[in-house]
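Both complexes below contain subunit A, partnered by subunit B and then by subunit C.
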Partner chain A sequence: MSTNQSTLSQLIAALGLDTDNEWPHVVRERLVAYGLLGLYVFVIWFPIYFIFITSIKPSGAVLDIPISFLPTQPTVSNYVEIFQNRPFELYTLNSLIVASTTTIICVTLGTVTGYSFSRYDFVGNKALLLSIVGARMIPPIALIVPFFTIMSNPPLIGGLTGSLYDTRIALILTYTFFNLPFAVWIMKNYFDGVPESLDEQARIDGCSRWEGFVKIILPMAKPGIAATAILAFIFSWNEFVFALVLTSSEQAQTLPIAVSLFVADDFVDWAHLAAGGMIAALPGILFGLFFQQYIVSGLTQGAVKE
Partner chain B sequence: MSTEKQSLRRTLDRLFVPLTVGPTMLWIAAVIVYPTLQLFWSSVFWTNPINGQREFVGLRNFKRLVFAEEGGAFLGLAPDFVSITWHTVVYVGLSVSISFALGLGIALLLDKDLKGRGWFRTAVIVPWILPYVMSGLMWRWMFQSEYGAINGLLTQSGLLSSKIAFFSDGTLAMMALIIADIWVFTPFIIIILLAGLQNVPEQLYDAAEVDGAGRISRFVNVTYPFLKPSILVALTIRIIFDIRALDLVWVMTQGGPGKSTEVWASWLYRTAQVFNRPGEGAALGVVLLAVTFMIVAVLYNVFGESPY
Partner chain C sequence: MAHVELNELVKEFDDVTAVDGISLDIPDESFTVLVGPSGCGKTTTLRLIAGLERATDGEIRIGDEVVNDQRAYERDIAMVFQNYALYPHKTVRENMRFGLEQHDTAEDIIQDRVSEAAELLQIEELLERRPAELSGGQQQRVALGRAIVRDPAVFLMDEPLSNLDAKLRVQMRAELNKLHDELSTTTVYVTHDQVEAMTLADQIAVMDNGQIQQVGAPTHVYSNPQNMFVAGFLGSPSMNFLEGTLGRDADGKLQLDFGTDTHDVPAEFADELEGYVGERVVLGIRPENISLNQDGIAANVHPATVQVVEPQGEKTVLELDLDTDQTIKAAVDPDTTVEMDDKVNLRFDRDSLQYFDPQTGESLTYEAASEQKVTA
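So, the complex of A and B:
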């Protein structure tokens, strides 16, 4: 009993409810807030929990009635089998190559261009920036017809390489279309927050524009670059529609497609689908748990007005 | 330093802006401007599915999507166009409004000075970062008619005696889609609104409290004016992203049962890729593009703010 009481008082202290000098209504409000937030988190995590335990049930036990909500006989066999029976290592590799290449291109171009947009009032600055805002609003799905046509028969390099259909290059080029304007925009907003006096100091110290940018400004911009990179990676990693339109075999198909392939016309292989889904979800969950502040700051930078 | 080297430095400095902005603009021209022009171009052609020959048809693709005609006789709006537009309005309208209300509530709770709110924030954001395909299939599994968790909870707890076939009924299938959509996108609203709430000066709350302002009055008079730009951004992005979203619909219902959950995005995909009618698919793309820009214009007018 006394241990119970001490755990309770520890909990009360941990939640900051033990303050004598605060009004009772403040304490009550906090309790209500904890209750509501706790309920919300429980409800939204329940499906994730359910698909996770589905992935570690023996594949036959997934269709047991009554449904068990606890992992009876946990096993990793579903995870092993999707790599044995399907080319999941290739899907994973495709996802990694496509997402990281897209990220590198978008972060590099977005950083240098965002910096110039932030610092220099060159001819066409406003118009170009406006076109970048406009480009962000184009619904990607509207462009599936032109992208399918262009990738099947690329205009400039068509004679040299032939079709880009079902290649990772097609996906990378396509994914830069919605990530590059976003990257420029985030980085421009980020550089707007880096004091211009730093540039001036660099010039006074005899740095050229390039040296000042690389040596002084870039190190200051690391958090912005990290936020842009994480978001571009997640967006590319999760992308489904263009992967569906532009790929047809494991030489280019990514994990979202691989997961959707567990759905056949009349039968869904839920246990293996759940395992594949968990693998596809892993980077997102890890980024969310460990780099949450970058995701938040990137989204906020990307959303604010000029 | 030699003079040649110095003049090289000066030249490179003069070229700083062209060299940093130029490549990006060329890239954007190649992967955005060119495909967009191609979209408009494709929308006025009809491709023969047998021999692949293209024929200029003007605005016929648009007309065929929107109007019902038979033998040249005008029969009014096409039933598919009307019903699919209605589904899109229901889907986007309900998803956005419910997730906005929910997101605002959670953001206000997370804005309080609570211990452990960092943990809550992390826990709340995760659904948005997962691949939409995985989220859609996860919800399809949750709502599955025999072995899904929701039917399991309802029947095993004794609330229901028989299981519900969610995806065999148009209304229930739409409801399942909307729930999945709210689950995926509410975190986005929370993030944007929570950032906006940081702009509200703490002293104003205290002053309002001293004046005896109630909870609602405090929100309307203190919070809302500072939060307005964030609300606008959250709503705009949420709406235009929902109109274009195919992922959830495609993996959960494929527009079914029948056509009861077909929305513009799935209609576009089906027309262009499944039925192999690129001309009409492109025409739908043009319409979607126009609608998106119209929605943005209307929203910014309603809120009385300049988008740039």
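So, the complex of A and C:
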């Protein structure tokens, strides 16, 4: 009993709860809150941890029972082997090219378009914005056949370039289609939160509208741009279904497809799948951790008028 | 430096006429204040002068040039916005430099101008900070500084003090006055605050419904309002309006009849009001021109009952019910000892009376009053 008491008070101290200055019920509520949050964090991170330790187990030890949750014989051989036995550098390159190009296109077009929707009062302004965002509400899976058909036989440029099937361009076009509406929407809301008197001050200071946008408004929009970029990048990096349908070889296949290839008809190569999964997950996690500060401010900017 | 001239200026937004054919002469080096309630068109007028809106009709001249088709940056104006519109990602120095850089000003001139303006506004130690690190009053100074470095022909100010707290506003008001004395740059200033308008302006233009109701020196407009709108807008508490029927007393002199009480019209207004006998006429009297006559009945007093007593320090404002059921406010000496429900007699200062036509709102005695003030 007394040891339990002291463990509890140690825990309370470790969580920075001040029992001298807080009501007992506040301390209890905090403990419950910490408990729930801890559980949630565990649920979130456990699968990632499990993939990680699977990826550093020797192939033969993956299915051992009882499951070992701590690495006993850590090895990097799975990582080395996926690059030796499969073109993982190509998959990674494909993922990088597709995701970054999509991101650049979405940020560039989304920023300019969002600014126009925010500042210019043209005929059909609202209807057009709704239709752009509304188009994105269609479930992507409903569009998979049309996309496959179009990319296999591009109606206009087909005669010049041939089929876009199994090219990175097909993926870039598809991902841009899905992400640009969000980019426009986020940036429009972001610019709505930037007072128009700044545009006007820039005009009085001698800027054209374009100069004012580039020199004054755009530098202020960095959080919005970061939020847009991260959403577009992570979507493109993680996307699986369209990549599966629109590509068939390592010249365009991305990491999610590469990882799925470890699943054969009668056998799953868990150790290599886990190593591939870690490689696929890492950039997203790092990107997310690094930019998460911008996501919140970028998405909520303009929600509250000061 | 330049004078600004507006001729029959019109601005329509879809089906709203924000500015409805105003003409105004803003003399060189003057401090002109456009004042009026919100939605009266004063800010739109300023934005038309700035070149942020295009005029639907009419003419804007800055100096001798018609500037209707010039862009904002071609007009040689600088503007201070209500929210200051400081560039948040630039330091104070960069904010002040930006306009000059855009106009390809030589580096040594930029540096001179920025340090001069910073010294004038006492913001030298703030130059490397960003707007978010400044207090409201400091941001206000930077916004002014950014306008001053441009050395423009005209300053345009859109309610620049309204985001400051009351004490700071009074202080900045005095500084704006001083600044204008020093720089003598023609200034057009928009506000809804009539105290600000009175204290800053050497010319005041009272606006309502997209039109200018009256232009003139602040004290002149205050004492000689051309219509009931101007009379009611300037002054706090605002002017009392008492409507009655114009008739004659036993001696044939003009008398305003409120029903249970009457008011003798001073002889000097007899000529102007002669034509209105038998018609409804409004008497206007400012609260500060009403005094209590507690020493019994004399001529020209109006019995009333005290309803509310509001001591305000330098004066006490009384709300009273006249025996005619009209409500009236009086600003009296703070030493006055009256209480709720006290019966008092009010005396109107006979030099400060105004008469209006209740139909049109126009002053019936405007010219007579001005002439009288001028000769006196």
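Methods note: the second predicted complex is superposed on the first by the 278 of 306 C-alpha atoms of A that agree within 3 Å, B and C clash if a C-alpha of one lies under 4 Å from a C-alpha of the other, contacts with A are read in each partner's own complex, and residues count from 1 in each chain.
Note that a contact is a pair of C-beta atoms (placed from the backbone, for glycine too) under 8 Å apart; a residue touches a chain by one contact, two chains touch by 3 or more.
Remember, it's a predicted structure, so these values are computed and weren't measured experimentally.
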Simultaneous placement of subunit C and subunit B on subunit A, clash or fit: fit
Contacts of A:206 with subunit B and subunit C, given as first, second, both or neither: second
Touched subunit A residues, subunit B compared with subunit C: B
Which of subunit B and subunit C A:289 touches, first, second, both or neither: first
Partner chain(s) touched by A:219 [first = subunit B, second = subunit C, both, neither]: second
Geometry of the superposed three-chain model: angle at subunit A (Cα centres of subunit B and subunit C, steps of 10 degrees): 90
Partner chain in contact with A:198 - subunit B first, subunit C second, else both or neither: second
Minimum C-alpha spacing, chains overlaid - subunit B and subunit C, in Å: 9
Contact set on subunit A toward subunit B in their complex: 14-16, 29-30, 33-34, 36-37, 40-41, 44-48, 50-51, 54, 62-67, 69, 105, 109-110, 112-113, 115-117, 120, 122, 128, 130-133, 135, 137-150, 173-174, 176-177, 180-181, 184, 208-210, 213, 234, 237-238, 240-241, 244-245, 255-257, 259-260, 262-263, 268, 270, 273-274, 277, 280-281, 284-285, 287-289, 292, 295-296, 299-300, 303-306
Of subunit A, residues touching subunit C in the complex: 195, 197-198, 200-201, 203-207, 211, 216, 219-220
Subunit B residues touching subunit A - in the complex, by the definition given at the top: 9, 12-13, 16-17, 20-21, 23-25, 27-28, 31-32, 34-36, 38-39, 42, 105-106, 109-110, 112, 114-116, 120-127, 129-134, 137-142, 144, 146-147, 149, 152, 156, 183, 188, 191-192, 194-195, 229-230, 233-234, 237, 240, 243-244, 246-247, 250-251, 265, 268-269, 272-273, 278, 281-282, 284-286, 288-289, 292-293, 296, 305, 307-308
List of subunit C residues in touch with subunit A within their complex: 50-52, 71-73, 77-79, 81-83, 85, 87-89, 98-99, 102-103
